[in-house]
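Next, two complexes with chain A in common: one pairs it with chain B, the other with chain C.
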Partner chain A sequence: MMQHYPVLSIIILFLGAFLNALFGGKSSIVRNIITFLSTGTSFLLILLLIKPIMLEGKVISYWMGNWIPVSDWAIGIGLEVDQLSLFFALLVSFTVFLSGIYSFKYMENDDTLDKYYVLYLMLSGGVMGFVLSGDIFNMFVMIEIFTFAAVALTAFRNYIEGALEAAFKYIVIGSIGSSFILAGTTLLYAQLHTLNMAQIAALMHKNYTPITLFSLGLMFTGYAVKSFIVPCHAAAPDAYMTAPSSISMLFSGMVNKAGVYGMIRLLYMLFQSINLPSMQILIIILGTITMFIGVTMALIQNDFKRLLAFHSISQIGYVITGIGLSTALGITGGLYHALNHTLFKGLLFLCAGAVFYSVGTTDLNKLGGLAKKMPHTALIFLIGAFSISGLPPFNGFVSKWLIYQSAYEEGFVIVTIIALLVSVLTLASFIKVTQSVFFGQLSKECENAKEVPIGMRIPMWIMAFMCFITGILPQYVTKYLITPAVSATLNIGKYIDAMLKDGYAEKYFKETVPVPNINYKLAGYWRPEYYLILFIIILLAFTLTVLAGGIDVNRRSIVSKEIEDYKYDTFYSGEKSEYSQVGGADLFWGLKYDFRKYFNFMHSAHSGVVNDYTLWIISTAAIVIAYIFLLVP
Partner chain B sequence: MLILKYLFYIFVFPGFLFCFFAGLILAGIDRKIVARMQKRIGPPILQPFYDFFKLMGKETIIPNSAAKRTFIAAPVAGLISLVTISLFIPIFKFSAFNAVADVIVIIYLLTIPAVSLIIGGSSSGSPYAGVGISREMVSIVSYELPLIIALLAVGKKAGMAVNDGMVTFSLSKIVEYQSLKGPMLFHWSMIPAFLAMLFVIPCEVGSLPFDIAEAEVEICEGPLVEYSGFPLGIYKLNYALKIFIFSSLFVTLFLSGNGTGIILFDAAIQYVLCIIVVILSVSLIRAVTARLRVEQMLKFYWTYPTALSILSLILVWLGL
Partner chain C sequence: MLIVLGIYTVVTKKNLIKTVIGLSLIDYGVNLLIVSVGFNAGGSAPIFTFNEIKPDTFFVDPVPQALTLTSIVIGACVTAMTLSLVIKIKDKYGTIDADKVRRLNG
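For the complex of A and B:
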């Protein structure tokens, strides 16, 4: 029975989409029930797989329509779920489930919602199918499904300025990425006459032709486009900004993770014997550029969601860097950060959605003072902001720390320094958001804002709670989720044997397949439970002091009743506030002034012209291919 | 018994009470020395205590435009994180929580007081605070780069000797290295990093000429403009604690070693060294300079101190 769970968890999402197309137009209750049941069942099925796969180390293989291999040659489409696939499937199904719950309230004022849910479930099913598939052509098909669903969802609120333009950019850039992947897949098929990932990995072991290397370059670029790595990122900010927040969460939580997953499979599975350390430098350079450019672009944004989109790009840079380090510790950091990024960035997008729901805009210049109106959202946002900036004891700290450590150990000092600096800039950027959205003066637009309904707050609280849990219990997360996934990434012999038959890998490798030994020595110590205990004890002490009445905190003024007394007004040097000349709107003036050349260059580079962005991608492809041919032996 | 021991660590030594006295006295010494350098008599050394207790007794006014809970909670969060850091900094061979003393953890924990200042200021709803926090943010970005590089250089230097050639981020390993090979300062390749760190201290604690965030004459103490009474007192305490903790971290990184083995003497030596470091890096500079502009500060930190710490890092990497 268990081997049917993966395929069921994919099919149920697609089934939900078709049912929604048929019956979803009738009433919102039908729609919501169908969506909730299909995403919930899919999530449950994936959860049930944790025990056999993560804990017992099984690998589930499944041949669609029972087209089993004939004389060791794969014919049918295979699904294969090892620990790495399951790790990503968990991220996907968790995000999808929460985003679905959030959508019920968040989207209630839009029309043609049946189409929204159809596309939403197609997107989810596409990504789910992608991460569970064991067949590269099937992966391409799933990429097409989720890319086109994503494009349509980007333009779903087509009354928002720029939505159609964003969708256009996304379709052009996304199609280029898909074409690269298709071309790479075709070349591999022409060379090896099979599409099964396990079989390709076995056949291609230390047996490369120029054509397979060319295909590596194409597919690498294709997946780089899918995960929005700089310089292939140009479609992302627009798409994230204009899509509904529940969808932006899916974009950053799983669509670009799909690209990362594809990249891991490509590098560690298909081309595993290509001598990864030589690919290492290219990937690390790309990752470092991505994190730096992402965060600096985020500093100068004036739109809440656009800013989050650039941060999303920047955080993917961390993931890619971690994976590119190709040590067990690096991959652990990368995958941990992928998990954390899904949690905190999803949370932040949900907060942006909550703000949009209450106020109707995400323009940072129009927002302000929302913490008084929406205290829950403000608190949740702070948790998300601290997590992404990597303040202990939240989760961003753990994974970033692993990445710094592994980069430093491998001798990439500059990468560690840039990564730490990017972390500081991330913090600075989120302080700007906190200041201009939740604190500061209450703006005109926000006067009638209300706290969002409980249906939207529940997913946000769950995400916030998860951010905290993964931050304070890293050793359990590592032990039960990350380390199995890392060992699956490196243990390709097991993957091949589980798909085809025992000893298959050894037959083609012509040597015993090494089983990776995952143990790493940490240069420092991270024991978050100590911090938690400390924080709690000290907090208790202070609360006691305050409660004992030793210090008068003036309890009266904590009551939110407004008191008419000039003493409680804000200080404006004796001027009336409307005549005050104190501006202070631009929080990064000093930084922008010192780096004006850089910022001007970046500003003009992001011209908004799709042709330019296409050129960037083609150039990236050219560079990657040239790199592979010149430097990889 | 174990719980009592930890409670003692947290609340008495090297935690809250020790930091409280050490920090405020250090702030008093700093004020006195600056005054003497400027040919003033200056306040008594215990003046920060008087200030603190006076503020505790004053009425706390929370403006109507403030997000009230955040307004009160922000300074306390900053204080908590400072006390937490104090537990992780080894005093020669003694440290309260040995297993968790880690340089990167400390880098991040050190940003929390600054963040608490920013969050508190921004929750007050004042435009002056808005200007102040933007400056505070630029100052964080400024000093963080040389600080990171200097710490990495120290970690590499110690790790090459005592951690099988790998980097170490553990503070107790760094102390162990110094007890074997003498203080970091006596290794000439570490002198540039030492100088860079000396420059970082005044910016980290926010004293002249790097107190752009709290410039009284321009923006009325920026983030603190709306604060009064109890939370203001906590912020003043945070300032004093920051001076002490950062100089103590500095001493641990560069001037530590075997010590005498008796905690009391070790703490006294550490404290005397802290006073010297503060006089050198905070008081001396504060007495003779005027406030910088925002963009000058960023430019300064990203050139000279950064170059110095990079020089150190390269030297260490070359094995010198």
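For the complex of A and C:
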């Protein structure tokens, strides 16, 4: 019975989509019941799998239509669930379930909601099928399914400025990424005549040809596009910004993670023996660039959701860096951060959705003083903001700490410093958001704002609670979730055995890699010197803020001649009026002025022209392929 | 070759319809690649027959053909979806020039 759970948890989502298409148009109650039941059942089935897989260490394999391998040669399409797949499946089903509950209220004012739920369930089913699949072509098909659903959902609220444009960019960039993945898959098939991941991993062990290396480059770029790492990220902010918030949460919670999952499978499974340290530098550089550009772009945004989208990109940079470090500790940090990112970014997007629901805009310059009107949302937002900036005792701290530590151990001191700096900048930009959305003077647009209904607050509170739990209990979270997944990533012999037959992998993979248990000490708690460093970080963030304000004071004479605008008066001693709102764009005005060349360059680089974005992807592909051929022996 | 031509089209042409054509070209190129992978010179069609399978009969590989079919269907979906988006963009923006459809930037 157990081995049917994975396939059922995928099918039930697609079945829900189908039923919604048939009956969902009738009434909202039918629609909500179908959606709730299908996402809930899927979540439950995945939860039931935790015991055998995570705790007892089994690997479940399932052959679609019972096409079992004949004489060790995989023919059919296999589903395979090991600890890593289950970890991502858990993230997916959790996000989908909460987002579903949230959308019942959030989307109530839109029309054609039956189509929304059809697409919504297709998106979830696609990602779920992707992470549970053991067959690279099946993975490609699932990618296409969820990309389509994601594109359609991006354009769902087509009355929002730019939704169509965002959807167009997304589909162009997404389908170029998919084409790369398909071409890579084809080349692998041409070399090895099998599509099964376990078998490819076994056959390709220490046995590479130029063609397989080329296909590694193509597939790597394809998954990079899917997980939106810089410089393939350009469509992401547009799509996140214009999609409904419940969908933005899915984008950052699972569509991104699907790309990360694909990358882990590619690097640690298919090309396991490629001598990972040689790929390490490329991945770490990509990850670090992603972190840095993501956060600096976020600093100059004026839209709530667009800002969150750039932060999402930046956090994915952390995950990629952790995975690229290729030590057990690094992967632990990466996966932990993936989990935390799903939680706190989902939370923040839900808050943005709540603000949009009650005010009707996400423009930071129009919002202000909402803490009085929406106390729950403000509190939840603060929890999310603390988590993402890595303040203890929230969850971002633990995973970021693991990543700093493993980067430092591997000798990438610069990466650690940049990661710290990015964390500080993240905090800075969340200060800006909190200031301009929830504090300060109540703006005209927000006067009629009300607290969101209870149906929307429940998922938000659950997420906030989870953020807290994963922050204070890192040793349990790692023991039951992360460490099994990391050990499955590093020791793939079991996966191959379960797929084909016992002992098949033995001739290829002998040694097992141990994974350290994460305790409080490793997670950075109760070590005085670490708190000292932490204090320095906070001090840095504080001085940065002060500096930003301070520079304004010094430039007062120049500025006040140039700009006859009283909104800057808050920074100077004499305020015009007792209450004056510091707009979101102005809080770090000094910092932005000092680095204006860099910011202007970045601003003009994100030109919004789809051709440029495509060019970036093609250049990335070229660089990755060149790197692989030059540096990987 | 088709793939390269498609990429060139997507990168350089500013007309959104031409971008869609470029995407389709990439897709067809990949399809052709898949079919060529499975080709055996002189092989017969991979159909299961009960009679007269001679020892020297051999088939072309059936798996790539199945893959191509799937991929063609997906390609058709991409084209349909992008074209419908182009129509909507034309409605809303009044132009299909990529340089002018850039309200979301920076």
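By definition in this document, the second predicted complex is superposed on the first by the 554 of 633 C-alpha atoms of A that agree within 3 Å, B and C clash if a C-alpha of one lies under 4 Å from a C-alpha of the other, contacts with A are read in each partner's own complex, and residues count from 1 in each chain.
In this text, contacts are C-beta pairs under 8 Å (C-beta built on N, C-alpha and C of every residue); 3 or more make two chains touch, one makes a residue touch a chain.
A quick note: this is a predicted structure, and the numbers were derived from the prediction, not measured.
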item: Partner chain in contact with A:Leu421 - chain B first, chain C second, else both or neither; value: first
item: Touching partner for A:Tyr593 - first (chain B), second (chain C), both, neither; value: first
item: Chain C versus chain B, contacts on chain A by residue; value: B
item: Partner chain(s) touched by A:Phe94 [first = chain B, second = chain C, both, neither]; value: neither
item: Partner chain in contact with A:Phe304 - chain B first, chain C second, else both or neither; value: neither
item: Partner chain(s) touched by A:Lys372 [first = chain B, second = chain C, both, neither]; value: first
item: Which superposed partner A:Asn158 touches (first chain B, second chain C, both, neither); value: second
item: Contacts of A:Val413 with chain B and chain C, given as first, second, both or neither; value: first
item: First, second, both or neither for A:Phe43, with chain B first and chain C second; value: neither
item: Chain B versus chain C as contact partner of A:Thr434, first or second or both or neither; value: first
item: Set of chain A residues, in rising order, touched by both chain B and chain C; value: none
item: Chain A residues touching chain B - in the complex, by the definition given at the top; value: 369, 371-372, 375, 378, 382, 390-392, 397, 401, 404-405, 408-409, 413, 416-417, 420-421, 424-425, 427-428, 431-432, 434-435, 438-442, 521, 523-527, 530-531, 534-535, 537-539, 541-542, 551-554, 557-558, 560, 562-563, 567-573, 580, 582-591, 593-594
item: Chain C residues touching chain A - in the complex, by the definition given at the top; value: 3, 7, 10-14, 16, 19, 23, 26-27, 30, 33-34, 37, 61, 63-64, 67, 70-71, 74, 77-78, 81-82, 85-86, 88-89, 92-93, 98-99, 101-106
item: Of all residues in chain A, those that touch chain C in their complex; value: 137, 141, 144, 148, 151-152, 155, 158, 161-162, 164-168, 171-172, 175-176, 178-179, 182-183, 186, 189-190, 193, 195, 237-238, 241-242, 300, 603-604, 606-611, 614-615, 618
item: Touching residues on chain B, where the partner in the complex is chain A; value: 7, 10-11, 16, 56, 59-65, 67-70, 72, 76, 79-80, 83-84, 87, 97, 99-105, 107-109, 111-112, 115, 118-119, 122-128, 130-131, 133-135, 137-138, 140-141, 144-145, 148-149, 152, 155-156, 159, 163, 166-170, 219-220, 225-226, 229-230, 293-295, 297-299, 302, 313, 317
